[in-house]
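We just call them A, B, C and D in the order they show up, numbering each chain from 1.
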Amino acid sequence: MIKVGVLGATGYAGSELVRILTNHKDVEITLLVSHSYAGQKMSDIYPSMKGVCDITLSELDASVAAEKCDVVFTALPHGASKEVIPALYEKGLVVIDLSGDYSYNDKEVYKQWYGAEHTSPELLEVSVYGMPELHREEIKKTKLIGNPGCYTTCSILGLAPLVKNKAVELKNIIIDAKSGVTGAGRGVSLDYHFCECTENMKAYKVATHRHTSEIEQELSLLAGEDIILSFTPHLVPLKRGILATIYANLDGSYTKEELIKMYQDFYKDEYFVRIYENGLPETNHVAGSNFVDIGLTVDKRLNRVIISSAIDNIYKGAAGQAVQNMNIIFGLDEKEAIGGAGFYL
Amino acid sequence: MIKVGVLGATGYAGSELVRILTNHKDVEITLLVSHSYAGQKMSDIYPSMKGVCDITLSELDASVAAEKCDVVFTALPHGASKEVIPALYEKGLVVIDLSGDYSYNDKEVYKQWYGAEHTSPELLEVSVYGMPELHREEIKKTKLIGNPGCYTTCSILGLAPLVKNKAVELKNIIIDAKSGVTGAGRGVSLDYHFCECTENMKAYKVATHRHTSEIEQELSLLAGEDIILSFTPHLVPLKRGILATIYANLDGSYTKEELIKMYQDFYKDEYFVRIYENGLPETNHVAGSNFVDIGLTVDKRLNRVIISSAIDNIYKGAAGQAVQNMNIIFGLDEKEAIGGAGFYL
Amino acid sequence: MIKVGVLGATGYAGSELVRILTNHKDVEITLLVSHSYAGQKMSDIYPSMKGVCDITLSELDASVAAEKCDVVFTALPHGASKEVIPALYEKGLVVIDLSGDYSYNDKEVYKQWYGAEHTSPELLEVSVYGMPELHREEIKKTKLIGNPGCYTTCSILGLAPLVKNKAVELKNIIIDAKSGVTGAGRGVSLDYHFCECTENMKAYKVATHRHTSEIEQELSLLAGEDIILSFTPHLVPLKRGILATIYANLDGSYTKEELIKMYQDFYKDEYFVRIYENGLPETNHVAGSNFVDIGLTVDKRLNRVIISSAIDNIYKGAAGQAVQNMNIIFGLDEKEAIGGAGFYL
Amino acid sequence: MIKVGVLGATGYAGSELVRILTNHKDVEITLLVSHSYAGQKMSDIYPSMKGVCDITLSELDASVAAEKCDVVFTALPHGASKEVIPALYEKGLVVIDLSGDYSYNDKEVYKQWYGAEHTSPELLEVSVYGMPELHREEIKKTKLIGNPGCYTTCSILGLAPLVKNKAVELKNIIIDAKSGVTGAGRGVSLDYHFCECTENMKAYKVATHRHTSEIEQELSLLAGEDIILSFTPHLVPLKRGILATIYANLDGSYTKEELIKMYQDFYKDEYFVRIYENGLPETNHVAGSNFVDIGLTVDKRLNRVIISSAIDNIYKGAAGQAVQNMNIIFGLDEKEAIGGAGFYL
């Protein structure tokens, strides 16, 4: 059994990790860390876990973690991760980080979007961007994963085949993404008060959201040249799900069928990426699952492709993908514990 | 591998059954029947199942079912079940029926609440009411389960220890139950139009809902005398979950702690029943799980107990409990495929 | 023009008051007080009011209030009201208080439920419980209104005709009430985080909610003898609306028609109370309006009546009823600004 | 008093019209037509209107309409409008049509997007596109209004100043619009079943939605040259509200402040258009009101402007704007009955 710890276990991504891991036949949860709730049981904070996971939450102690765990997931706020990860990594643990702190190849890009120097830039050189569809081989060999953000997973995978195959112009790419409220985490704020969120929607952080930089990094890698693009996040009144609607001008003439074929080829070995030959994905097709569902429309009038890409933001966009990375690193069945169909209801 | 068929696979209870069964390590789904969608794939109707369950839906043929299956779940509208079940039962199949058709011991009670003669009353004598917490031993021996309704599961289990122990007066029992909209099924109606349901709630079928009779049957059995009671269902704007708030006058003097102890003793071997020593259950503690969560308050001023009982109506209240019954009948681990924590989010 | 001030203008009840008052042809808003947002404009906090109400919010100064206003509405947290109201009342202002502080006839009852001595018990003697359907004549003559709470309005008006006419037993009355989340106010708490509220419901403060005492006070007055009863509040995932389901044993034999007639007679002059001869009220029948909608069912088996009573908790249950009281006190058309149909959608 | 009729009174747009008109001091509702519910009262179908509007619904009879009404609103499905409007118009009635049937200047454009010949093309020549911000003078003189669609109002007003002032490139304009479910109307369909809509979102009719053509018509008029653009509608789980996120490449160098000033100048006489100097509009700022709220962001990296434009789809996007047009035609205060702040809650 692989011994697993979760740091930040009581946040939304952390609790989803715990939920998934309790269904994983090859792991044992040995450590749950929560600064806010240390001393209480996981099931006191999430009564849904009564009888399933009654582990007592503790404060972080890197030595204890190293003793108890083979792998730790860090589901901490941005910035907090890079305070604790170097110590964990140094002790030889596999670390899968759900913040954006280790998602960058270039510390300058980090600095530009996060407004501060990276405090462990040497680790950026060993960390791997944990998107199996693009980096599976590197993932197998690393001990430090920068687990992709939710918006980025949805956006990058929605565009990758087109960018790789140079089927679209690299200018004028626009990603209009809509997210459920779990994406904002469990922190309390008037913005996420039920009465302010329900029956409401809004754009936020337009042109400044940090996930933009992750998206640009990965698409630029695929294209072999620099891409900058528009990314607009929105908050919509549901819990789980991101829908990215992506616009790109076709570079050449393509039918819908040709593009679908291009996606099917690109993702032919990917269980978790489902391409729609007909219809378009909806977020309840993926909620509660690790799937990425992609459909597209060709607008002949404008020679433009419009892609719909849907994921569950805290599953494939956080906890599920993190477990997928763990499965890969430890040589387990990549689908173990995360291969099921979503809730739909 | 146990070969399983689901009749009415595209309804909400049916689709939840399929979702659960795809995670069950000891079964193989061999037959999915849907009159409305015969010829299409399950994943055409529920795209959440693409790649997970792409079985083609077929029309019902009892001979084919008998050939292909060891057990069939019938998730059909009330009335439809009793048209098809005698043939299936006769062929030696284990039948787990999610309608109310085989939930009665007395055909007269059926007639009174359903307004028609039962067409296979002889089967009522062999059918077992599939509530494992009360009838596990009988379940092990039957081939025909009347799987309890959602409201009834929540209500009966919320009251059973008190009634069995004669801790409450049998008069003046009131069950005020609130259900999510999946309980109404997938049939299209203005009543369930998003804009009519969301931001709305209502009582319905007051004093006439059929589940009343199931509740009275089982509680009367426990009490050893006839109980009649008030049961009021309500529709609230969420998908999964029933919360029953139950009022009963205490017969004698009891503290909260004594009553909690009574529940803990009664359910001491029941993994799926969780008693709250503190706090009260909420529906998101059980949504997506097979758990029944129960808490209570003693009102000293009135010498009355108020019980909160929560389940997921389509899981423990339908599909999950059905799988639990199958697990029992076939001697499998009772928790297999249904033992996990709920979604919470 | 009547000059009006609102204290606590940026809470949910306060903002609803402002919204209603901006549509009132006989009033001018001259003062908006908000401790949290003093110095900002009302429309900065509620952008919905841009161009409609751009008044700058100020700190409370009783002298200024007395100068600028004929009437003030106090929409402050419980306890805060009684700190400021004596000074306002002393200056001759009409005060309509939306807290429970002046809703009691008996300071001992206040103490029992609020756990502290009332600091201005002499004002309890001049204050009037502002429920026009029961106290219109006294309202006309007072300068201090204890505006009824949301649960209490819904509950008392749902039971008043039966209690007054001694048609029900006074024991075993049970009120099971379900409220939308605006009832909890605008204060930030994990309990009201969108992801914790949506797709969830729960009972809370069972047998201890303070509104119980208001309900018992008014029903006891109507009955001419002491009534104690069960009141259970619930939180359901919608914004506006309370539905109270009320159970009482009939004292004698009544048909539904006879009871409906009893309600119609009792409320024959009340524009805002609507009795359903058929069907039952739903919260979207009253959301955004000052109406109280009441329907009922007689359960012959149990000789019990089950009443459905619905209001909008922040309208008839707070801001709308407060304006109704102002209209009565100032001799205006009682319906002015509040007589319209609800949103439905 | 102006005598008003509403055809299609029981649809969502129709019922919102009735609700608004019951608050209008200068009109009397004299005719409500509903094919589905003829013979019943408006308040039977919408109990929210009990006591407010109990008019009996009738079948359409053009002669009766002409006798009883000065103006009729036609809130009928597309296609149905043009069957009945010629007869009404001929009788001298003012007709305000909420379908798209009379929204076109060019019958060929109609044919292209609706797939059929227009049956009364001669009326297209006298009809006026009822967007007061662009066509107020023509509206004053017409007797036939093609009332703009919801998406189109939000989109056109969000872009008009930029297009008119040639501040953006006319290529690569992208409108990504998200709508609440009332936009789909009251027709019953599995697509709008609560359980299929809530906690879900999707794009639909990508590149083919008919409102595209209305948007292009009006923007082309403003630009003085043909514009074709991407318009993508989405369904999100809320009732009222559209948020359009609009992308356009700046043609020249502009600061946010310069663009805001451009909008403020363009809409300087428009009460119902509110420009945000700071922050961005959210749909709950406009829900229940006739306001259009517009904010914007300049992305310096891409020299692109991203506009947020929000309306209530059944108010400013349908019923409210229709009443605004009536107010203009009849020389009433343009704000009468529709000038209030939205619900927010």
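One rule holds in what follows: a contact is a pair of C-beta atoms (placed from the backbone, for glycine too) under 8 Å apart; a residue touches a chain by one contact, two chains touch by 3 or more.
Note that the coordinates shown come from a computational prediction; the quantities given were computed from them, not determined experimentally.
Student: Tell me which chains count as touching both chain B and chain D.
Tutor: A, C
Student: Would you kindly say which chain has the C-alpha centre located farthest from the C-alpha centre of chain D?
Tutor: B
Student: Which chain pair is joined by more contacting C-beta pairs, B-C or A-B?
Tutor: B-C
Student: How many angstrom lie between the CA centroids of chain B and chain C, rounded to a whole number?
Tutor: 38
Student: Could you grab the centroid distance between chain A and chain C? Build each centroid from C-alpha atoms only and quote it in angstrom.
Tutor: 46
Student: Nearest whole angstrom, what separates the Cα centre of chain A from the Cα centre of chain B?
Tutor: Here the centre of chain B sits 36 Å away from the centre of chain A.
Student: Which residue numbers or ranges of chain A touch two or more of the other chains?
Tutor: Where chain A meets two or more other chains at a single residue, that happens at 12, 182, 195-196, 198-199, 237-240, 281-282, 284, 287, 345.
Student: So in the complex, which bits of chain B are touching chain A?
Tutor: Within the complex, chain B touches chain A at residues 12, 15-16, 19, 22-23, 46-53, 182, 199, 239-240, 271, 274, 276, 279, 281-282, 284-289, 291, 293, 314, 339-345.
Student: Show me the residue ranges of chain C that touch chain B in the complex, using the header's touch definition.
Tutor: Chain C residues touching chain B: 172, 174, 176, 178, 180, 195-196, 198-204, 206-207, 228-230, 232, 234, 236-241, 243, 245, 247, 249, 280-284, 287, 297-299, 301-302, 304, 306, 308, 345.
Student: Which part of chain C faces chain A closely enough to touch in the complex?
Tutor: Interface residues on the chain C side: 12, 181-182, 186, 188-190, 192-199, 237-239.
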